[in-house]
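Take a look at this one; I'll ask things after.
Labels A, B, C and D are assigned to the chains in the order they are written; within every chain, residues are numbered from 1.
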Amino acid sequence: MEINGVEIIDTYAEAFGIKVSRLLVTAATKELALTATTEATGYATSVIGCPAEAGIDVYLPPTETPDGRPGYVIMICQGSKKKLSHELLERIGMGILTAPTTAVFNALENPDELLNEGFKLKFFGDGYEKELEIAGRKVHSIPIMSGEFLVESEFGIKDGVAGGNFFVGGDSKMSALIGAQAAVDAISNVPGTITPFPGGVVASGSKVGCNSYTFLNASTNEKMCVGLKNEIEGSEISAAVNGIYEIVIDGVDETSVKKAMYEGIKAATSVPGVIEINAGNFGGNLGAYKINLKDLF
Amino acid sequence: MEINGVEIIDTYAEAFGIKVSRLLVTAATKELALTATTEATGYATSVIGCPAEAGIDVYLPPTETPDGRPGYVIMICQGSKKKLSHELLERIGMGILTAPTTAVFNALENPDELLNEGFKLKFFGDGYEKELEIAGRKVHSIPIMSGEFLVESEFGIKDGVAGGNFFVGGDSKMSALIGAQAAVDAISNVPGTITPFPGGVVASGSKVGCNSYTFLNASTNEKMCVGLKNEIEGSEISAAVNGIYEIVIDGVDETSVKKAMYEGIKAATSVPGVIEINAGNFGGNLGAYKINLKDLF
Amino acid sequence: MEINGVEIIDTYAEAFGIKVSRLLVTAATKELALTATTEATGYATSVIGCPAEAGIDVYLPPTETPDGRPGYVIMICQGSKKKLSHELLERIGMGILTAPTTAVFNALENPDELLNEGFKLKFFGDGYEKELEIAGRKVHSIPIMSGEFLVESEFGIKDGVAGGNFFVGGDSKMSALIGAQAAVDAISNVPGTITPFPGGVVASGSKVGCNSYTFLNASTNEKMCVGLKNEIEGSEISAAVNGIYEIVIDGVDETSVKKAMYEGIKAATSVPGVIEINAGNFGGNLGAYKINLKDLF
Amino acid sequence: MEINGVEIIDTYAEAFGIKVSRLLVTAATKELALTATTEATGYATSVIGCPAEAGIDVYLPPTETPDGRPGYVIMICQGSKKKLSHELLERIGMGILTAPTTAVFNALENPDELLNEGFKLKFFGDGYEKELEIAGRKVHSIPIMSGEFLVESEFGIKDGVAGGNFFVGGDSKMSALIGAQAAVDAISNVPGTITPFPGGVVASGSKVGCNSYTFLNASTNEKMCVGLKNEIEGSEISAAVNGIYEIVIDGVDETSVKKAMYEGIKAATSVPGVIEINAGNFGGNLGAYKINLKDLF
């Protein structure tokens, strides 16, 4: 199958269940909202080694937020509810409460359940905190040195999808890189999804386990390493492909992840030198979701 | 004492010991180096609730790096050596190795000791890794999907200083905010220091302990909250001050932190509406360092 | 009248007729589209001294553009049709054709007439240019060193509105500045409008003519200068106002400009320390449009 | 000749004389200084169609500026002294005076002569302007709505060099593009030089004259167009090169331009897929300077 003249390999992305939260962070200006959300979603590419997976979902202009200020929606994801609760508390408390002029609202529709991290944060107010209602939401106003911090009392969580993915194959490394960046640009407008890796792009797709060092649970995917293409037996890289970058997507549900994959792949194929789209899976036995690339189109 | 007509309160900042590492992350372009270091230094404002304190130190042009590419120097800090070792491994492995085109070099001079996190990361190569020498440094080349990742074998750590600080007091909230941003701009050119909070600015300076809720170790510093100035007894905010933002600085040594405080305070005083510089301390019994504001000038 | 507790002065903005064009510039990535449009809309704050008034209108994701790539809509405005024709030709030819991976499409609905600047640009192809149809549009493909440049053959122009404006008054200079920035953030999501001054903000609102130097057509508006408030007679600045920044808006029609003023003013009033909204006029005899602030709400 | 394994073609860049000015623009924050200088240096890629050539030269931290604030040095260039005088007046008056919190100082050492554009701008103050001395410089303080604008009285100009250049050839379009971006990053740290095209990169290198349409003075350089490589006779593109972007450099003197070319070429060769460096000339009869690529190394 071809899209824009780019070969779509007949394979599937294998994705996993994860618990997701979705927050709206508003601030006095768009730039200040970006500063806070960048801090709060850092160090969060993969739960393999990071305490969470997190990223910026979409920007909302003042007309679409409860307090009429510009804001970014972010997602914070974790495999366990207990760890997600911890991450929510600390990423809000250390990364957003500490940032100039911010407020935080729940932005997850149809949650499976609610976590009361806003309620927990109010104690930072040492008795000077107050309870407000903003646009029908229960919000805690916590006095801080620079003014007040507003945080909704409860945040929804739900079972979402992690590890939706595709590989952008290029005729050179930099073709694949800009193709991947174009994909991230497109996905950034798909609500309910994030691309948690640095700048949305993964440079180092891995395989499960490790052949040479048995103490490792994950290691480089040598059969997809462009630098080893001609050095090892069994390389799975197409003859014309000299560059590969991966996009990994987390979403609130499978539909959102599929939409992000669709938009991302279409965008990648518009970049000169992108010649093939592939996807990563682990034989189909590890993840709860199999997303066939061909079914997206 | 006055600097540029701004009152410098006769007080001191109380700072603490912390273990610091300092890394140089290079990439194909300045933008790609920024993407990687932003991810790797996120979720790292204060060890009160974050797994580390981290931030971008200085930018180095291609002429000043071992591989002739643009790069950002970052600092990662933790109270314990064991936790710092963990943070180095994961922040490099999950935030930089995963980012397009990066390489990582040690950037700490005169270390107390060396941690072999680069050596540990090489196992990700599953036997395909190689050892190189670049500018006299021992470097591991790890094949990754997009090419190769270069990481120096050992990273120095040393006893540094955390929590250097000052408060920017303004005639309004936004005067204090832009004053604080000007301070961060100035400090960003002082090598060996970072301002780990979001955008370098702290909106919510805290006190030790909590009066109303004894289960909390830290809570809002109500005597310095501008919103409570006229509502509580014992507010310590000057009559004319209506806005306060704090700058917190971590550095490789006390000299660097003092230099950053000096440059930051001078810059803050150049902003219209900044009227007072203060500092935070805890009675002098908690921290190893007392830095008098007046001694800076 | 008060909005969010901020006084709206009972006055009007006096605006003028201007000829406007509206273009969509797409590129391989959002960043590359921003690079091109930033160059093409520079040196374009006011036709008092610049060859045009120009700015970025809105961002369009790949799903909303003719070629499925991310793009920014820009507006270029001039008082005369002849000069607008020249500015379109040069700003596209020198600022967008020269930028990596770009294409340009007409984005003005219901034009009064069409200018064939795309047709004129095709001659740069020296006979190697081709004609294409993209999404029903007639487009010239011009071979350039790096690939090909696509430009729609004709661009619509129409009679629009220049100089829609309001003043953000703050309790300090920096309150007014961040209030103005918040206004610009809000206006950036109102299609059909731009804020052509640097970062969207005017630091130096002027008056018509000059009292001391008769050779000048425009000079500082001393009665609204915060630094002269207590030095001159007849200052028109309210007692509590210590900072003023102006927002100037150009739009495709009066409705768009009013919508931008409404959203901008609302946003400005959400910033701490913003205490008054005013507007600029010239007695009502110069401009074709009078927009009462109170009628916006 | 090879640098980092990349072929340096045995050719020369042909450059021209131009009159250059060099200004330092400071502001309350680095971001505000960038906003002003971006506006003032826009629409200025080439005097072929723009009213000037302009760009940001280097960033100066607060410790290196006359007023202790962060600032960007910019260069504004024109073929004629009269036009340069006009461009200085309007780009400062419309793009910097109008921007929040700015001041402008002369930053050209060893000028051939001085233009009194600061003196001319003071009349905007309508008699309320004052004269100051800052760091030994004669400066006009002009009251504006938001405060005061400071501008040095005189700005130096000198005979500089325009059109220093090189071509980055890649195995694909995107390799050449990122190679060119790496070059721009490196040149941005060479004082006394700018890369005036969008983002510093030229997508559309041209030739003098036009074969098919004699009314044009410049047209596409078809022999260097990658898209025509296999369609026309006489293509001058090497067999392996599939992508070409050009870097154009203006500088205060030939030494600076050579230094920028050297640093830029070295940086480009560090990007994967960059395989050849070439340069543009016109037979050697048009420009006053011939810079051999091989002599740079």
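Rule of thumb we're sticking to: a contact is a pair of C-beta atoms (placed from the backbone, for glycine too) under 8 Å apart; a residue touches a chain by one contact, two chains touch by 3 or more.
Everything quoted here is computed from the prediction, not taken from an experiment.
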Of A-D and A-B, whichever chain pair has more C-beta contact pairs: A-B
Chain pair among A-D, B-D or C-D whose interface repeats that of B-C, sharing over half of the contact pairs by residue number: A-D
Inter-centroid spacing, subunit C versus subunit A (mean Cα positions, whole Å): 34
Whole-Å gap separating subunit A and subunit D, where each centre is the average of the chain's CA atoms: 38
Rounded Å distance, subunit A centre to subunit B centre (Cα mean): 25
Residues of subunit B engaged with two or more neighbouring chains: 28, 31, 101, 147, 173-174, 177-178, 243, 271-272
Contacting residues of subunit D [partner subunit B, same complex]: 28-31, 61-63, 67-70, 101, 147, 178, 181-182, 185-186, 188-189, 263, 266-267, 270-272
Residue numbers on subunit A that touch subunit B, as the complex places them: 28, 32, 35-36, 38-46, 48-51, 89-91, 93-102, 123-128, 142-149, 167, 173-174, 176-177, 180, 197-199, 201-206, 210-213, 215-216, 218-222, 224-228, 231-232, 243-246
Residues of subunit B touching subunit C in the complex: 31, 170-175, 177-179, 242-243, 271-273
